[in-house]
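Quick heads-up: structures coming right below.
Consider the two complexes below, in which subunit A is the common component and subunit B and subunit C are the respective partners.
What follows is the complex of A and B.
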């Protein structure tokens, strides 16, 4: 009975992967670059589905993890940029640091501006890659320990994460000599993957990101099917019950929170490779809420659904923005669709597709629908 | 020192203006209304439009803005919010969608811009409302020169807070609302029409936001996205103060506003803002129920 059920799920994943892998056949480099960006957003959708759909934890500050990943990658790429090599020093130094430096200061990365020594390890690209994952995981683990250890849940988690991302954004902009403040890091170089330079418009780069997305989706899907994933869903449905059954609820919640943060960090890192910039706008409240919107429309309870939702909304938005008059109207349409989806399709398009497949395969059980994610 | 405290007080009063309406809707109904900031924005636009088209004074638009936003809130409750009771996080999402719709309605001039019609006072640009003569300039008080309009805002905020307190604690409607805060099912069992009361409560909260909007139009430029950041501040105040506690909300607005002003004076503006966020995070971590809360439900 379950074999048929899992079958069409597997087919949905395979179909999605096949479409992604076949996309370069269109031969449109410009759109390939855009889609590559949206695939990074797709990872964010999956990350939101993991915490929101499976753990019932609505993180309104996912942009913090995305931003950490993005800056960790942007720092080595900034140092690899030709602008950093032209600053009259034998070592690469970011151009904005020279603009900020005190007259007569040493033009060395160690002491050109206060705190610039933090950039020294980022001369290695792989250190940036490692930090893009490790930093979000550390922050998420500490935060998760604090929040879930106190058994804080529901909307309070959302408010804390929201306050935290705004706080981080303030500090990021304030640390101008170190981060170039509002302007963010631009004029980045290419990432060097074992001798291949990842040109954002090259098919190779697109494939690197596609494969990363496929790995993320498969691992996340396998993870929620494990025993830990089942326990997590039990904590979502009733924290007290799971607690009384003897499970260490905060540990499970923290673990999945950290996994979601790692995925977001990876997404931020890859986004910088294709978008060639990192800016404080990644930590804007609207960006973090947008991710939630993508996941809600795609289906919060389905990792694949949330991922496709993110990609689809962004592709449509890019199409709409090609027509001048549609730019503002498009936002209104998203707002309206979103309200309608929340009211009538709480499980999003993914949940809708799932129900349709159940009907088609004759496994229609209306009572199963009643189990909406609440709170 | 006293002028710093006064700046803090005026920051507090603005926070409280936004938070009052939220304290009513979130505290009483458990609705996270992300469109609350947009209600403030609509209130500000009522001031802009009535100033341009009717030539009314800023003070006279206060009741008008209250009526417009209260009616809007009532409609919103009937059409959307009512379907989402018990789905707390979903109300957050649906009202976020509504917030976008309201912003775009102003930007696109209710769709008229598609037909090439432009209404003065709408659109995505910045708008300004003149402040009446007697509220301009400064006011000498206890040997200090205080900005008259800021003093006026503090006074109006106090009056509104008083009226809200009176409505909640001294009227039959308030009695019903408080019963619903404690236990909605029990309130319904006692014969209170929970749905009707909630609709009126939501309208009241939205109306308060509209009044806040008119007052804000007097000291800052009005734009379609002015509400987006306000709602976050408002929520932080309500959550810090303790959900369902009006006095808690007032105290939290006072504390957060003063912290912001004091830290900003001694360090800088960013440190002031950062310290407020930090205090909010710490309060939720250490006292998830808020500073002033009662055991309910």
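What follows is the complex of A and C.
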């Protein structure tokens, strides 16, 4: 067995964590806030790698879980906003509800608009935090039971999840009195973490998100290293064989699908803390597809790779879109990078790094090539 | 307990008016290696299908260690202790050789009981023992998808072995193999002989001579002859029915 210290993967993780933790030394608060947002996207990359890379389940509706987490957090933060305190009620009430209320309606959260009572428990921030994780897990578990229990696999899972995120987006926009529809939830307050207000541009907020990302990456990596993680990868290669070995294949797929949803919900929740808004655009198809692109570029077979891929692409996008010469062309550039990576590095940057390390440590053996020569 | 690991009693199946297997009675002792020989259409694979539950029999019984397992569902027969290797190998291509064997070494089928890292020293030792037995020690960390055809067959054999089934059914384990690979397969099977009950369907006479103790010859769904390699090779009925003009000693 390789010893822990000679395993380059561990060093890759440690190096990445060190870079993240050292980043505030640059002293650029504006960029720190941006990077914090991209770290949330990094979690999404890891979540995609978990299902797509390890389970072979391509979810084209990951935005649904991100959106659930985002709204669950945005609701308490909306109530904490100064805009909710001046609506002629003892309790905070979101401003848009007042605009949507029937004339003469009570201005209490219980009954100002139809269904507004759903907001009542969200007066507690921690309820929002809990729901940001629990709601995606519940949805993913029910969905997983349905899909995987019916032995649905491959492209059909992608079609179902894609349809579902669009359906959810429709409902969200349609429920204007409850969700402020197309406009989303804006003018949010700060999250209060044990007495510290999380100002989106503060270093503290950056560290909260960095630590969350580190915990997510370590847990996800440990999870795929368990026996269950190996069985999951086995189901990716041959469901039938895994069944014949006596494994409850749908249970494995559903479990990891739910874990991926929990990570996405957490990402959505933290994103709202730094971005100060939640909107139906989180459930746009383009956003869910972007996540898949991030994971593909970073390497879907590697949790860390997919995470770094998401962060890099977003930094690249931001830089390119701000460079005057590239203002028109940056989307084409990002598209080109994607095409090049898919053609030359089908396993993404993570797979490329893996091969390089094997080559350097002398453990790299071109088995596939040898095979061809032999035959 | 029966002294026989696997018994079939007048086992038969009809597809319409055609009797593919017509009252076959076999008694395979514990640890015995039995080879099933026969021309195409003699009913060898169908007989394996009947034993492993893939096809439901229309007459007769299958006994595993004296216990009736006739026509149980496939996975129940597998759990009862009959492991089967199909002609087309099925392994986990994205996992390493070691991981393939580890996944096959399943004690718990559920997710939550498998949420831990590492395995007991005894389990690890057994995994390495099996990999060694099928001759893949050098490929322990190789991704299974890049193995050669022969190596894939051995890996699948290893996956069967680590489940320690009471009986292993092998359907043409050397199909498509080179001579060297066939030789190695024979060596693996010979090493298992005595401890593992096996029923092997095979065409390749050279290979059969290498491994066989006792041969059962099937012809048109019935047992035509049973005996040692020498007895079968000199049996006039077998020569007439199965070998026909083919010269067996030339193989």
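By definition in this document, the second predicted complex is superposed on the first by the 357 of 375 C-alpha atoms of A that agree within 3 Å, B and C clash if a C-alpha of one lies under 4 Å from a C-alpha of the other, contacts with A are read in each partner's own complex, and residues count from 1 in each chain.
Note that in this section contacts are C-beta pairs under 8 Å (C-beta built on N, C-alpha and C of every residue); 3 or more make two chains touch, one makes a residue touch a chain.
Worth saying up front: this structure is predicted, and the values here are computed from it rather than measured.
Of the two partners subunit B and subunit C, more residues of subunit A are touched by B.
In the superposition on chain A, contact of A:294 is made with neither subunit B nor subunit C.
In the superposition on chain A, A:152 makes contact with subunit B only, not with subunit C. In the superposed model, A:338 makes contact with subunit B only, not with subunit C. In the overlay built on the shared chain, the residue A:167 is in contact with subunit B alone; subunit C does not reach it.
After overlaying the two complexes on the shared chain, residue contacts for A:16 are found with neither subunit B nor subunit C.
In the superposed pair of complexes, A:237 makes contact with subunit C only, with no contact to subunit B. By the document's definition of touching, neither partner reaches A:66: not subunit B, not subunit C.
With both structures placed on the common chain, the touch criterion links A:251 to subunit C but leaves subunit B unconnected.
Across the superposed pair, subunit B and subunit C both touch subunit A at residues 374-375. On the subunit C side of its complex with subunit A, the touching residues are 74-75, 78-79, 90-95, 99-100, 102-104, 106, 109-112, 114-117, 119, 142-143, 146, 148, 159, 163.
Those residues of subunit B lying in contact with subunit A across their complex are 32, 80, 83-84, 86-90, 92-94, 96-101, 103-105, 107-108, 114, 124, 228-229, 232, 235-236, 239, 270, 273-274, 277-278, 280-281, 284-285, 288. The residues of subunit A lying in touch with subunit B in their complex are 58, 146-147, 150, 152, 154-156, 158-160, 162-164, 166-167, 170-171, 173-174, 285-286, 289, 292-293, 296, 325, 328-329, 331-332, 334-339, 342-343, 346, 372, 374-375.
Of all the residues in subunit A, the ones that touch subunit C in their complex are 222-223, 225-228, 230-231, 233-234, 236-238, 240-248, 251-252, 255, 365, 367-368, 371, 374-375.
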